[in-house]
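Here come two complexes built around subunit A, the first alongside subunit B, the second alongside subunit C.
Moving on to the complex of A and B:
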C-alpha cells in the first residue's frame, strides 16, 4: 500500500473507539502550537482571502471591546509561526515596531504592535489571513463565555454572523442531546478553567458530500445539493471525511480564549485504503445514533455510504 | 424566556421579591400570580405601565436587588421593550417570564442573505429579500433580537 502525503498528514479522528458519543474529548496539546501548515497552505490562504474580500460580513465579525485580545492573538500566532516554521516566517521586533515576513506569500508587513491604525484590517483579521485555521475569540465575563470575535472562512454549516455575541450554551443549543447530562455545562466549566500556558486540543469529524471547505450556512442551498447525488458507486470519490482539529488557548492579559479550527478533508476512498480504518469507520457509522446523523447532515446518504463500505470490505 | 412567550405563566416560588409589570391589556393575566405572591407573603411590586419613560423604567429595574423575579404581560411591542430594559439593567433571561397578549411578531434572519423578516407564528416563510424558503427555528440571537431561518435542500 502506498501512503501518500494527504493520508500521512490527515488527522485520524476516531481514537480506539467503535462508537461515537458526545463527550469532552479534549487532551493537553503537544506540542503547544496553535497553527499547523499543510501542503495546501497557499491554496487555502488564497481561498480565505477571496472569501474575506467577497463576503466580509459572513467571514469576519468582532465587537469593539476585543482589540486588546486580538493583539494577544497576533502575538501568540506570530511567535508560533516563527518558532515552529522558522524557514517560512520571520519576525523582527524593535520595541513595538514589528516586521513580519511570510516567505510563502512573499509579503513583508510592518506595523506598530498595539496600534490598530498601522494595519489595514483588525489584528485578528490580519493574522487569520496568514494561517489555514479559522480563529474564534471567546471572552469570559459574568461566569460565562461569549463569542465576541471571529474570522471564519471554512465553517461546517454554521453562521458566524448569526452566532457572534452569543454565550457558549446559546451557540450550541441547536445540537440535539448536547444538554443531556449537563454536558454543555460541564464543557463550559472546563473551558473557563483553562489556564494560560496549558492549551488543549480535540478533533471532531463529519462527512461532507463534496469537497468544499467553505460550507457556510449562508451557501447551504448550493453545496447541500450534493447530498442528494451520493450513490453506492460514487460515494468513495464524492463523500469526504472532514476532520476539524480544534485548539484552545487562554490569553493571559485579556483572559479571553482563542479557539482555532483547522479543517482537513479527505475523500473516503483515500481514507479507507488502510483496512483497519475502513472497519472501524464502518462500525462507527453503522452505530451512529439517528439524531447525531441528522445533526451532522449525513442521514440523507448514510445508507449509500454504508453499502459502499460493505463492498470495499468484501474486496479485502 | 422569549421562545416560551405563548406558554402560560407559572408562579416561580421562593424568590426574594416579585415585580409584576403589564400594559392595560396584560394586567388580568397577572392577577392569579399576584394572589399567589400574597398568599406566600412574598414582597412584590405591581405596575401598570402607561407612559413611563425608558429612563424611569431603567432606574426602577436597576434599583432591584439580586434574586428579584420579573413578570411581563402585554402586547408584543410592550413586553419586548420592557424585557430589553430589564436585561440591560442586569436581569437574566432566567429571571423573567413573559406573556404576550395578541399576535407575536418575531424577527427571523435569513440564513442566506441575512435579511430580516417579520413573522407571526408561521413556521415556514419565504424570505422577502432573496426569495429562498426558510424554516423558522428556535435558535435566537439577543444581539440581533431575531430567530434564525434555515434553508432546506428538500424542496428545491
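Moving on to the complex of A and C:
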C-alpha cells in the first residue's frame, strides 16, 4: 500500500476507541504551536481571502473590546510562524515597528504593533489571512466565556454571525446530550482554568457529503443537497472524513482564550486504505447513537456509507 | 502527572519597600521579555528547600515602568513556613529561579460601573496591576488601603504619585483619624464591584457586611493567598471506590498530599482551593469545604470537593 502525503499528514481522530462518546478529550499540546502548514496552504489561503472579500459579514466578526486581545493573537501567531517555519516566514522588529514577510504569498507587511490604523483590516482579520486555521477569540468576562471575535471561513455547519456575543454554553446548547451530567459546565470550567504556557489540543470529526471546506450554515441550501446523492457506489469518492484539529491558548494579557481550528478533509476511499482504520471507522459509525448522527448531519446517508465499508472489508 | 510549563527568570533588583516588605524584580534570562499579564494575575515561584521545592504564589505587578518584567512583593511572615524567609534572607540579585506563567484567578469585572478595592497590608499587591489595567482603559475605580503606619505602608509614594485622586489611606497607629471599616461599603453606588485582599478576618468581615448590605454575590470579589485557616484539623479515613483501597489522612496533611504520596496522580495547581484543578467526586460522607472555587450549590451537593484544602467530617468515599 502506498501512503501518500495527504494520508500521512491527516490527523487520525479516533484514538483507540471503538465507540463514540462525548468527552473532554483535550490533551496538552506538544509542541505548543497554534498553527500548522500543509501542502494545501496556498490554495486554502486563496480561498479564505476570496470568502473574506465576498462574504465579510459571514467570515469576520468582532466587538470593540477585543482589540488588545487581537494584538496578542497577532504576536502569538507571528512568533509561531517564524519559530516553526523559519524558511517560509520572516519577522523583523524594531520596537513597535514590525515587518512581516510571507515568502509563500510573497508579501511584505509593515505595521506598528498595537496601532490599528497601520493595518488595512483588524489585527485578527490580518493574521487569519496568513494561516489555514479559523481563529476564534473567547473573552473571559465576569466568570463566563463569550465568543467576542472570530475569523471563520471554514465552518462545519455553523454561523459566526449568529453566534458572536454568545456564551460558551449558549453556543453549544444545540448539541444533543451536551448538558447531561453537566458536561457543559465541566468543559466550561476546564476552559476557564486553561493557563498561559499550557495550551491544549483536541480533535473532532464528522462526515461531509462533498469536499467543500466552507460549509457555513448560511449556505446550507447549496452544499447540503449532496447528502441526498450518496450511494454505496459513490460513497468512497463523494463522502469525506472531516477532522478539526482544535487548539486552545490562554492569552495572558487580555485573559482571553484563542481557539484555532484547522479543518482537514480526506475522501473516505483514501482514509480506509489502512485496514485497521477501515475496521475501526466501521465500528464507530455502526455504533454511533442516532442523536449524534443526526447532529453531525450523517443520518441521511449513514446506511449507504456503512454498506460501502462492508463491501470494502470483504475485499481485504 | 502533567506539569505546567515554567519560565526561568533572573532577579534583577531587590528593593526594600518597608522594614518587612521587599520588592523583587524578575526579568527574562535572555534579551526577550516576560509575558504580559492581566490585572489581578499571579505567578507561582519554585524555591529550593531542604524538604523539597517550595511552591509559593505571588501577585505580579509592574511599578518600575519597564515592560516585560514581573515584580512581586514579599512580606516576611513571622511564622514563615520557609517561603518568605527564603526570599528575604537567601535571594540575591542575579539569582535564577523557575516561575510559572502568569495565571489569573482574580480578574477585574467587565460589567462593573465602578471598582472599589479594599486592601490591608500586603493585600495591596493584586490591586497594583488591577488599577494599572483600569487606568489604561479609563475605567472608574478607587482604593481603600489600611496599614499600621505610613512607614509600614508599602507603595505609599507610588500610589500617591500615580493615582492621587483614587487612593485613600488608613493608618492604625494614629497617623490618620479614620479607620478602615466595612461600613464604608454603604457609600458605593449601584453597579459597584468590590474587591477585598488582606488577612482572613478582614476578608471575612467585609464579605459578610457586603452581603448584608445587599451587594449581589457576583459583585463581591476576594483573594486569599493562604488557604482559609482551619482552626482544628482532624484526621479522617477515605475509601477510594475505583481502587477499593482505604487510606488515612492525618490531621497535619491534606487529602491531596496523601493521594500524591500514595502514587495517585491527581492533577492540581494552586493548592489553596482557588483554581479547581484538584476536584474529586465524592460518593459518600460529609465534606467540610475550605475552598473558594466551588459554588455554594456545588459545595452543598456534597458530591464534589477540592482535595487540596477540603476535608472529611469523618469517613469519605471518593470516586477515584
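The criterion applied here is as follows: the second predicted complex is superposed on the first by the 316 of 316 C-alpha atoms of A that agree within 3 Å, B and C clash if a C-alpha of one lies under 4 Å from a C-alpha of the other, contacts with A are read in each partner's own complex, and residues count from 1 in each chain.
The criterion applied here is as follows: a residue touches a chain if its C-beta (ideal position, glycine included) is under 8 Å from a C-beta of that chain, and two chains touch if they have at least 3 such contacts.
Keep in mind that what you see is a predicted model, and the values were worked out from it rather than measured.
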{"item": "Partner chain in contact with A:197 - subunit B first, subunit C second, else both or neither", "value": "second"}
{"item": "Which superposed partner A:228 touches (first subunit B, second subunit C, both, neither)", "value": "first"}
{"item": "Touching partner for A:291 - first (subunit B), second (subunit C), both, neither", "value": "neither"}
{"item": "Contacts of A:57 with subunit B and subunit C, given as first, second, both or neither", "value": "first"}
{"item": "Which of subunit B and subunit C A:163 touches, first, second, both or neither", "value": "first"}
{"item": "First, second, both or neither for A:28, with subunit B first and subunit C second", "value": "second"}
{"item": "Those residues of subunit A which subunit B touches in one complex and subunit C touches in the other", "value": "none"}
{"item": "Interfacial residue positions of subunit A with respect to subunit B in the complex", "value": "57, 159, 161-166, 170, 173-174, 217-221, 224-225, 227-228"}
{"item": "Contact footprint of subunit C on subunit A as seen in their complex", "value": "28, 32, 65, 72, 139-143, 189, 193, 195-198, 252-255"}
{"item": "Residue ranges of subunit C touching subunit A (in the complex, touch as defined)", "value": "2, 4-7, 35-38, 41, 100-104, 107, 109-111, 218, 269, 275-277"}
{"item": "Complex contact set, residues of subunit B against subunit A", "value": "109, 111-114, 132, 137-144, 148, 150-151, 153, 156"}
